[in-house]
Amino acid sequence: MRRIVRIAAWLYALAVYGFIFLPVIVLVLFSLQATSFPIPPFTGPSLRWYQAVLSDTRLTSALVNSLAVAILSSAAAVTLGFLSAWGFARFTLPSSTLLRGLITLPLTVSYLIIGMGLLVLFNWAGLPKSLLAAGIGHVVINLPLCFAIIYSQMGDHQINIERAARDLGAPEWKVLLLITVPVMAPAIFAGFFLSMTFSWDEFVISFLLTRFDTTLPVEIWNLLRSGLNPKTNAVGSLVFAVSIVLVVLFELTLLRRTPA
Amino acid sequence: MSASLVDISSVSHRFGQQVVLKNVSLQIEPGSYTILLGPSGSGKTTLLSILGGFVTPSEGKVFIRGEDCTSVPPAKRPTTTVFQDYALFPHMTVGANVGFGLRMQGVDGARRAAKAREALALVGLAAAFDKKPHQLSGGQRQRVALARALVIEPAVLLLDEPLGALDLKLRRQMQDELKAIQKRVGTAFIHVTHDQEEAMALADHCVVMNDGRIEDEGPPERVYARPATRFSATFMGESTILSGTVTEAKSGTVTVATSAGPISLPGAPQPGAKVALAIRPEHLVLGATGGAVALGSAKVRDVVFQGSFKRILASSVEDPTLQFIAKAPASAAVQPGDTIAVSCNAGDIILLTD
Amino acid sequence: MSASLVDISSVSHRFGQQVVLKNVSLQIEPGSYTILLGPSGSGKTTLLSILGGFVTPSEGKVFIRGEDCTSVPPAKRPTTTVFQDYALFPHMTVGANVGFGLRMQGVDGARRAAKAREALALVGLAAAFDKKPHQLSGGQRQRVALARALVIEPAVLLLDEPLGALDLKLRRQMQDELKAIQKRVGTAFIHVTHDQEEAMALADHCVVMNDGRIEDEGPPERVYARPATRFSATFMGESTILSGTVTEAKSGTVTVATSAGPISLPGAPQPGAKVALAIRPEHLVLGATGGAVALGSAKVRDVVFQGSFKRILASSVEDPTLQFIAKAPASAAVQPGDTIAVSCNAGDIILLTD
Amino acid sequence: ADLNALIWCDHADPALLQPFEEANGVKVNVKEFEGTGAGLAIVEQSQPGDWDVMVIDSIDVPRGVEKGLFEPLPEDKLPLADLFPQVKMDGSTVVGGKRYGITEKFGYNTIGFNKTKVDPADMQSLAALTSDKYKGKIAIYDYYLPVIGMAALAIGKKTAELTEADLPAIKAELLKMKANAKLVGEVTASQTALATGEVDILVGGGEWVTAGLAKENPALDFSIPKEGAVLWSQSLTMFKDSKNKDMALKFIQYIMSPEGQARLATSSCYWGMPSNTKAALTDDQKKTLRFDEQPDFLARAQSYPAPNADLDKKMQDVWTEMLQAQ
Amino acid sequence: MSTVTNSGRALPRAGRALPWALVTPALGWTLLFFVLPFIAMGFSSLTAHDGGGFTLANYSQFFTDPSYWRAMVNSLQVTAIVTVVSVLLAYPFAWILAEQVPERWQRLALMLAVLPFWTSYVVRSYSWLLVLAQNGVINRTLTGLGLVGEPLQLANTRFATVTGFVHFFVMLLTLTIFANLKQLSPSYRKAAADLGAGPVRTFLHVVLPLTLPGIMVGAFLTFVLCIGDYITPQILGGNNELLMPQLVMMQIGRRGDFPLASALSIILMAVVTVAYLACARWLKIERA
């Protein structure tokens, strides 16, 4: 009986893994397609489409844009999130629950709606579309996430640790720099990493808020709509490869260090 | 003002609507070991936080060494706190933790390390200098927290339930160590606990708090033997409690009518006053060859062996609602079900009038 | 086999390479209250898990009511466990928690509720039936866990440090209640703790474990007064320990040379044997009018007031490495710095040969 | 300085833009849009001077002129004489005697198909699109104007004369097509569907779908059925508020030059007929585009529907209903 | 005296200014770039497309035109199906990872399960198109094995949209449910077993109800992200039906009709709010 459950469990897990990896395998396979269509039969392998991607300046600059937006907007989100989490966890503020609710509210709103709202607002204010506008949108979606993650980690123990530092004579800024930030580093990092992931993959806000310089998902979307070829697969595979390297690096370096 | 090291003068504190400290005044002498004892919610932590500078009292003043410190921030006070959860900085080594206070004072690295090592040696952890807090046991962390607080030579060390998280054995051991360290360094310790035994084991001066007020204070022997209030009597160790009414009072002796019969003892209340008589378990005498005051006979309900003694629970035969709690030597041959005579000596009876 | 309720027969257990139980055998009698006592990591939880069916031992067998239960799953054993964290199902009411075991047995709703109410009444929580676990205090949850386990009328109730998370006062109170409930229901309780006082307060039968082995077992009075091993002597309460060598042995009496002088006492070891003599604090007599065996004089280092008594730490004048731990009545007028004579009675000395 | 161009996807091809950028030391920023309404909305949301050139349906040039967006083009500096006369569309590109737009590329929204899978004879009538024979084998190009135009042709209306009154009949025709269709897709989705054999017929398809794929998949073809086809034609315009009019003109001149025309005609997003008869196309490319058959095709084609704003909205609602029809 | 009185929390000397200085940037950001846009969108939704004043036409368009509210019905159907299917697929999977896979492989197994997360979302949807196509991997396999005669119509259908969504959300939910299962104290399971519950009843009566709050959080997240997503239905659905985001984007992309797009967004937002209120009691964010 147990054996049957075990076997069934294994089969099920394999099936789900298969489902999860199916599009990825197809993606990578047809990125190596020699002909113009990413459709069977497989005619590769060929690096033709990778060359095409790397020599397409719109794609490469979109890639740089995406990285910049992801890093900067995540840094902004995690900074704002951290400061406000610290404020709310450490001090009694009037209607704190309400204000915290306000900060986390965007978590419950679809990206499309956030993007639409900003589009209407920027139109109305006469602000041009730009990467900056998209970055602002990404901070809106990631700030509540960073806040929630960091706030949830600021327990009473963390509060006492800071009190101890103050008690031992540390001025406020040293408490922040020498104690709070290092102690909260795992949560801060988790917030940053998650924000990066979401910003990197975000489409609709960037689509609505950028003009010429745009992010990779939007450029891939344009690519998709401007002709059928395995270049799309090549971009996707490249992004995947880079991401895996990053994730593995994170895993090996930062996440391995088990905190106290 | 007096030469007290700390003088807490008519301090009251409110959290929103709730009054948690009610006109508390307290003096702390240099080099003393003071215990703040009281049930949960009685305001001990709040009082300690006011001393440490983490909370500014709604009313009243705090003087340390004669200076008004009421709203001086923690960093600038001659007090240091040892937190219940130790609050060690998890990302720093033990040495860096202990040296932190000196670092904030701008002491250079070499002197800092030397002093931190000294302080660690004082608490018996010289070898832990390069370890991280998570590599230490609970008791060791506690001692690091102590070293970290002591190294900056505070005039007053504040400890909020420093032993609350430890198991019984370690707790006993740490109590001995705390007391020894306090004697060695001579700093005034103010220590919060809700464990009566801890209070008695450590205190020079014991402060019993209840509901935001100081109920009783003094040397622990006095507080135990002659509690000022009924609360203090029941909170400081177990007692057999007899309620009664004063029937006679002359020349410093009163007679109280209780369900175990009339009892005469030294005291001042007027006839008609409702009083309670408390008798500590070790003062109840079981068996025929008893004390001067007979308390009738009782049926033993339970005998609990406690190593060096037996704890005996018995119900009065005369008044089954009256419960006796007594201690007998481990060798005593008392069995549940036995019926025995109970008595005590008049001088051991604590008369409580409130 | 014998008529024991539980018979653990030569059980050993390994986790990977680590041997955590080494050939443990133990009998549990019906209706008894057994305490497994030992330091952290000594294998208590592992042994209890083997009894409960959560772990199958690497070697050996477990018989319950004569039946081999070694690899019977928990659900099918006549044992129930009360977990240290209580493991009350937070999404169910107290009533549903207590009724869970009956529900699993297919008992219908009405009878289930009735029995659950009964069990709750037994632990004094009749009113909590419709509450959720999070609405209860720690002590109340503990009792619900007990009721939940008792309602399915197990032959053996297993408790893994059931009082570990409670504060001292509540702990004492729960100890009294546990004992009372056990007497009322008559189920055999097996209770793990590392608190000696708890063991002594509760046990009919006390099992001292160390490093995967049973060091000593028997009634707590015996284990306390006459511990079988040095470990058991030091673990079950404090002692003054004198190391020595047997110099003479005749007709059941030995003379041991110690740093406090030669001591004669009843015993069997051969001359030349290294032994240790342990004396419980309450058996050390301080002052001139002492016991039969003189232990020299000592300088009092510390006097700790413990309410009903004083705990006195003193160093032998003859051998400053020898530390005396004694108890004196609260009224004793001993001060740190005093030099006093120390003695005891030969019959109170515990002779340890290992 | 940069040149900011509001364009269709064919202009985003680096092969088209790079030669111009290199020759003039300028960066061409492009923003793609889908339909005239959206393009004009983008302009409205921008600051004056943000844009330099725009690609727009030839028939919609007057809409921009009405809004005062465009700058007249210097006819003498453009190769107007070389254009296919039928696609100059002066009725739209010239307003009030001034030329605001110049047609750069054209083609047909008609029936694209895989000739190995369907009977080419059937493709000579729009009726095939609603017949059971090809049920589930049809994709519809997701752009409402040309396909509504085709529906109009199918029920015998002239695309230039459509009114609100024609909409119910057009809707019925569209719903019949939808019932036969497997999907309604944008450029790539339609191409993919046709190229991968997902469908055999693309309603609204034409050389713009088949030509680019011809090399890999020679079976793809298009027909001009007996009812006719819809002629699409895109124009280049220059913004009145452009801060860079010289460069904008250079860009237009480049696109209209024989080299520019060839690159535009074979751009990666979609191919189409160059409006300049002198476009520097290879023979193969000309053959793929059926360059030589143009006179006949043009004769049988009808213009793109050109609804006013109100009718446009109604047409889009009809289109939405078609999409939602199950 | 600049101390925060009446506060148990420590803030010596820092004054009232500091706490506000800390939280104001985040609050300001949220007000400026989240609340204000919302208000702007609200105003916009009440104006006519071609300039002009106040009108309810944009809302009445939605409620009176069946092809508009049909989009909402479609969206709700698709989102409901996606949420249910994703949870049903992810739960057993997360359970297997948490309970059947040996402890030291769990991290790796989980990593592997979410790795495709890091392929671009847009590309992933497109990749499904290739998988589901007439002569894509699935149809080739099915026809190759002789399981079906004719290739199945998979791409460009609601099925394809749902598949693309489920793919994404199974990964997301596996993560959240796994975390939930891991943080469940093992003594609950032991206690249930001890009281006579077999594996099935332990799961039904104890494990499942205790992980339900976590499931609800995941399901709500799925709901929010799914109902607002444009990419997946647009790439995979074949435009055989429109979902709300497509309808919104159509207003912008085809006609630049921001007022109508705003009105549709606000209606979508209202629906999400209803869903939020339905799950609100499970969605608390509190300090540990």
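Labels A, B, C, D and E are assigned to the chains in the order they are written; within every chain, residues are numbered from 1.
We take it that a contact is a pair of C-beta atoms (placed from the backbone, for glycine too) under 8 Å apart; a residue touches a chain by one contact, two chains touch by 3 or more.
Chain by chain, the UniProt names read as follows: A, E = ABC transporter permease; B, C = ABC transporter ATP-binding protein.
This structure is a prediction, so every number in the text was calculated from the model and none was measured.
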Steps in the shortest chain-to-chain touch route ending at chain D and beginning at chain A = 1
Ask   = Going only between touching chains, how few steps reach chain E from chain C?
value = 1
Task = Could you tell me which two chains share the largest number of C-beta contact pairs?
result = A-E
Key: Centroid distance [mean C-alpha coordinates] between chain E and chain A, Å   = 15
Key: Approximate Å spacing (C-alpha centroids) for the pair chain B, chain E   = 55
Query = How big is the gap, in whole Å, between where the Cα atoms of chain D centre and where those of chain E centre?
reply = 37
Key: Junction residues of chain E - those touching two or more other chains   = 6-8, 10, 12, 133, 135-136, 235, 252, 258
Task = Mark out which residues of chain D touch at least two other chains, giving numbers and ranges.
result = 45, 192, 196
Ask   = In the complex formed with chain E, which residues of chain A make contact?
value = 5-6, 9-10, 12-13, 16-17, 19-24, 26-27, 30, 38-40, 80-81, 83-84, 86-93, 99-100, 102-114, 116-121, 123-124, 136-137, 139-140, 143-144, 147-148, 151-155, 159, 162-163, 166, 172, 197, 201, 203-204, 208, 216-217, 220-221, 224, 232-233, 235-237, 239-240, 243-244, 246-247, 251
Message = So in the complex, the part of chain E that touches chain D is made up of which residues?
response = 50, 65-68, 70-71, 74, 129, 133-136, 153, 155-156, 235, 238-242, 247, 250, 252-258
Request  = Flag every residue of chain E that touches chain A in the complex, lowest number first.
outcome  = 4, 6-12, 14, 18-23, 25-27, 29-31, 33-38, 40-41, 44, 89, 92-93, 96-97, 100-101, 111-113, 115-124, 126-128, 130-131, 133, 135-137, 140, 167, 170-171, 199, 220, 224-225, 227-231, 235, 245, 248-249, 252, 258, 261-262, 265, 268-269, 272-273, 276, 283, 285-288
Inquiry  = Which residues of chain B touch chain C once you look at their complex with the stated criterion?
reply    = 164, 167-169, 175-176, 179-180, 194-197, 200-202, 220-221, 224-225, 236-237, 280-282, 302, 304-309, 311, 313, 327, 329-330
Query = Considering the complex alone, what residue numbers of chain C touch chain E?
reply = 52-54, 73-75, 79-81, 83-85, 87, 89-91, 100-101, 104-105, 148-149, 152
